[in-house]
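The first chain written gets the first letter, and so on, giving A, B, C and D; residue counts start at 1 in each chain.
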Amino acid sequence: MLIVNANVEEIIELDNQIYLLKIFSPEIAGSIKPGQFVNLRVSESTYPLLRRPFSVCDVEGDFFYIMFNVLGEGTKTLAHKHHGEALDILGPLGNGFNLEGDFETAVLVAGGLGSAPFPYFIRKINGSKKILSFVGGRTFREVITYGMNNILTATDDGSLGFKGNVVELLNENIEILKSNKIKIFGCGPTPMLRALSEFSIKNNFECDISTESAMACGFGICQGCPVESAKDKDKFLLVCKDGPVFNVKDIVL
Amino acid sequence: MSNVDLSVQVGPLKLRNPIMLASGTVGYGNEMAEFIDLNKIGGIVTKSLSLKPRKGNPPQRIVETPSGMLNAIGLANVGVEVFLKEKIPFLKKYDVPIICNIAASSIEEYVECTKILTEEEAIKAFEINVSCPNVKEGGLQFGNDVSAVGKITHKIKAVTNKPVIIKLSPNVSYISEFAKAVKTEGGDAVSAINTLVGTAFDIKTRRPKIKNITGGLSGPAIKPIAVAKVLEIKRNVDIPIIGIGGIMNWKDVVEFMIAGASAVELGTLNFIDPAAAIKIIESLEQYCIDQGIEKISDVTGSFKI
Amino acid sequence: MSNVDLSVQVGPLKLRNPIMLASGTVGYGNEMAEFIDLNKIGGIVTKSLSLKPRKGNPPQRIVETPSGMLNAIGLANVGVEVFLKEKIPFLKKYDVPIICNIAASSIEEYVECTKILTEEEAIKAFEINVSCPNVKEGGLQFGNDVSAVGKITHKIKAVTNKPVIIKLSPNVSYISEFAKAVKTEGGDAVSAINTLVGTAFDIKTRRPKIKNITGGLSGPAIKPIAVAKVLEIKRNVDIPIIGIGGIMNWKDVVEFMIAGASAVELGTLNFIDPAAAIKIIESLEQYCIDQGIEKISDVTGSFKI
Amino acid sequence: MLIVNANVEEIIELDNQIYLLKIFSPEIAGSIKPGQFVNLRVSESTYPLLRRPFSVCDVEGDFFYIMFNVLGEGTKTLAHKHHGEALDILGPLGNGFNLEGDFETAVLVAGGLGSAPFPYFIRKINGSKKILSFVGGRTFREVITYGMNNILTATDDGSLGFKGNVVELLNENIEILKSNKIKIFGCGPTPMLRALSEFSIKNNFECDISTESAMACGFGICQGCPVESAKDKDKFLLVCKDGPVFNVKDIVL
């Protein structure tokens, strides 16, 4: 956990108004793990006031990437960054995906911008496991497959791939899943994660999901990011510190 | 090494400098220790403690607003017992005054917490949170009831010899009346301010963005209000004041001290820049050198009107 | 042309849409008319009028703060007589409800102003400013004294048949108690909120940045507080509410209406974008079309908790 | 009085961290007069919240310039503007210098950034009057002579030209002033304007000064910018509407 003064290398606009921000920071690039995140100060002014959390999307040498779309003032400011600008970064934060364990195929399940952490995930796995990706979105415009491979797609409106949500698509392919030693890794909107949890638990698949929450600090001091624990009803877990990645058996969404 | 004297007195409580870390914005110190040397800080105020552990409010607990944030954490805390067993040993490794913040649901609970905690010699003072929206007596909040605040002060003073600081609510007509009650009942200092009641709605769902419906507003948005409250107390009551609310840098600290604060607490800023306290302390020293100020405590209440 | 009905009722006062311009932020309308078509606005609230002209406070009167501003204009105004002779003829050229805001130093002065102004048929309602820091009775501000607010309401209602809106101060413990007093005494509506007391110091001179020492905080910084006050009134008192405080765009308007406002006033925003009112009215219409809302008045108090 | 959506053409850094912002706006360039000002929205965010007032410094065809140095958040944001950025401008505001009248030489008196309105002033006078400029600053670094001509300088520390303030320098040259048909035009910090007023009134020189004030609106609706009237003690004048340029006989500083 460090505060580093990094530099913007480049801002790259993908299709569908998705941006990649390439950042020079040997400290972060050298230490961050797939599924961990950074908390960026997007401006020195008091608006936006709080840092903004982003998953690490990929790492290349001394550089790392985040992937985002423009939602509000914070991401708008980020999208206007240019080469050489200083960027105040807090990270690496959170726990990352658990890549240990006895599986042969990593089944990646992404909804919308939930694809963000997977390019780095795939790079780290580096051929040691097989990859199977299920990517969903409401329409084809929201299906983000950047940096992923072995992809099946689903859209709510059927404009690309399977018509339905991405968990229904998993269900369609349940035989393939069952005939392999798999672990599922999911990232996306909460309703999708909820459905994925049920699906995994029902079918007895190991499954890690990367969750989101409003955050003030990102490192455990504000108590702003609670998530219900499956094991201890008397206290909440914290998304920023105990997560953002949880085994589906550990939390109630 | 300069000759500037950054130390301040908050009533009987001596601090090496005026920069404290506010309750609820530093946890119990361990995460902050990764960013700053706690030995350099004026004082640490712990997250509000209650007699029993509290789970706190369900999410969503926070939302950003223009130059501010709303929170409704709901006093999530480990409780007095776990605090003494698991949290304080870490803090004791440092040479930093620990101020224990207490929030309770009844006067008896306040007294009980104080009695237990006062035994722990590492605790240097108490800050009593009477201004939390979750704490009610007869339907009214303590913090909005002058006689309740007086009574709490009196009863707590009766069970501890340590300095007692009462943390006041800004959600009242005249905050100085509360400071007066604290003084009358033997309180050693007041801290001002806690958060202001606010809310925000999601216009799509028409639901409050915060599960608790309302939350407490903090951050630079409230600084002008906080400075005015400190000034109001300073001009009306002779009691040491700890200034809190929206501090983002050393200039804001000086502003609070000019208005009457003997020391200050950094809150929301810790989330944005956990290393800020150290930078501010260094800048304050430089400010004193530049201005030829020998003792920073001379700045307290030095406003010219 | 859409079929959306943007008109709203604030008690007996009917407005073509919920967007009014707040007192002290539109002068007497003539400058604003260079930027917008006043015929399209829901209503204009004039700068607070007193019986005699007031010069107002000496400079400096305003200072910017994070996402807000402090002002201490000191109710500078031309007085009732000059207003009727020189200012209202301009406004009468437009088909826009004129709401006359009155600020006075005594109950008698409030009554006297109302008596004179009620004769002018172009004036459609009164907004009574009981929340200005300059107006005192026995050392206390009217706005912080429930019984004074009740008394003012009662006496003013006795001398006019036009709708009387009382503009409430946020600098109190429970704003809904004031709204209750207004209702009990026959007031037609309340507007909430006026500015919050704040201050700022120049750290070089150690003087308040504003000559009047304290000023009133307005702008987006206070929006969460204002929305919470509107909600508090809505949940406790059955009286129409005009929401005010930090509105910057149509989404903020919808937020206030969800929380309970029948109409809103734009304040500080007029300084930043004098054409904002028109843009907001257009966006509200689009919002209603998009959401299938037939009457915008259905949004009032539609929060789900 | 218009709200226009203009475009940044260029930001030029002069010496001493003084910036010129060149703005494309036929509406403003075509209608603004020397001494008038514009009120700029430096950002769409709520911080800075209020517009920032700046004198028009010069006009060239469809472009106009403002001159500024970095003081706080507003001017910092402005200094980072680049070509093509949109800029929301309210103007022309205020009354401008009164160039009518029976004088042959315009004596320009500037302190620090008070030089800002004079390049355009000189361009407009366009040889019809003689120009004599007195420019002062605390040190040589603060003496800004951009776009001015026929210049005498003064510095408090004597690092450039006359040692003393600019009004003392006028006094040194009183004979020249008295032997010409002059009108004085002053712009600068309030203490300087105060001294200049006394000097002009004592010596019976016609004198216009451009004043400053904190402002919220810039066009007369907030009453935030009062200045004491010399003629009517019962009300204030407004810097934004009745000024910013006043004849020294009309106000008390």
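By our rule, a residue touches a chain if its C-beta (ideal position, glycine included) is under 8 Å from a C-beta of that chain, and two chains touch if they have at least 3 such contacts.
Because the structure is a prediction, the values reported are computed rather than measured.
Seen from the C-alpha centroid of chain B, the farthest chain centroid is that of D. Simply put, of C-D and A-C, more C-beta pairs touch at C-D. The distance from the centre of chain A to the centre of chain B, with each centre set as the mean of the Cα atoms, comes to 36 Å.
A straight line joining the Cα centres of chain A and chain C is 46 Å long.
Contact of a single residue of chain C with at least two other chains is seen at positions 66-68, 219-221. Shown for chain D are the residues that touch two or more other chains, namely 46-47. Taken as a contact graph, with one node per protein chain and an edge wherever two chains touch, the assembly is complete, since every chain touches every other chain. Per the touch definition, chain C reaches chain D in the complex via residues 24-27, 31-32, 34-35, 47, 53, 55-56, 58-64, 66-69, 71, 73, 76, 219-221, 248, 268, 270-275. If you check the complex, the residues on chain D that touch chain B are 46-47. Taken together, the chain B residues at the contact with chain D in this complex read 66-67. Taken in their complex, chain B has these residues touching chain C: 65-68, 70, 144, 171-174, 196-201, 203, 205-208, 213-215, 217, 219-225, 227-228, 231, 246, 251, 254-255, 258-259, 302-305. Within the complex formed with chain C, the chain D residues making contact are 1, 3, 41, 46-51, 88, 90, 213-228, 234-236.
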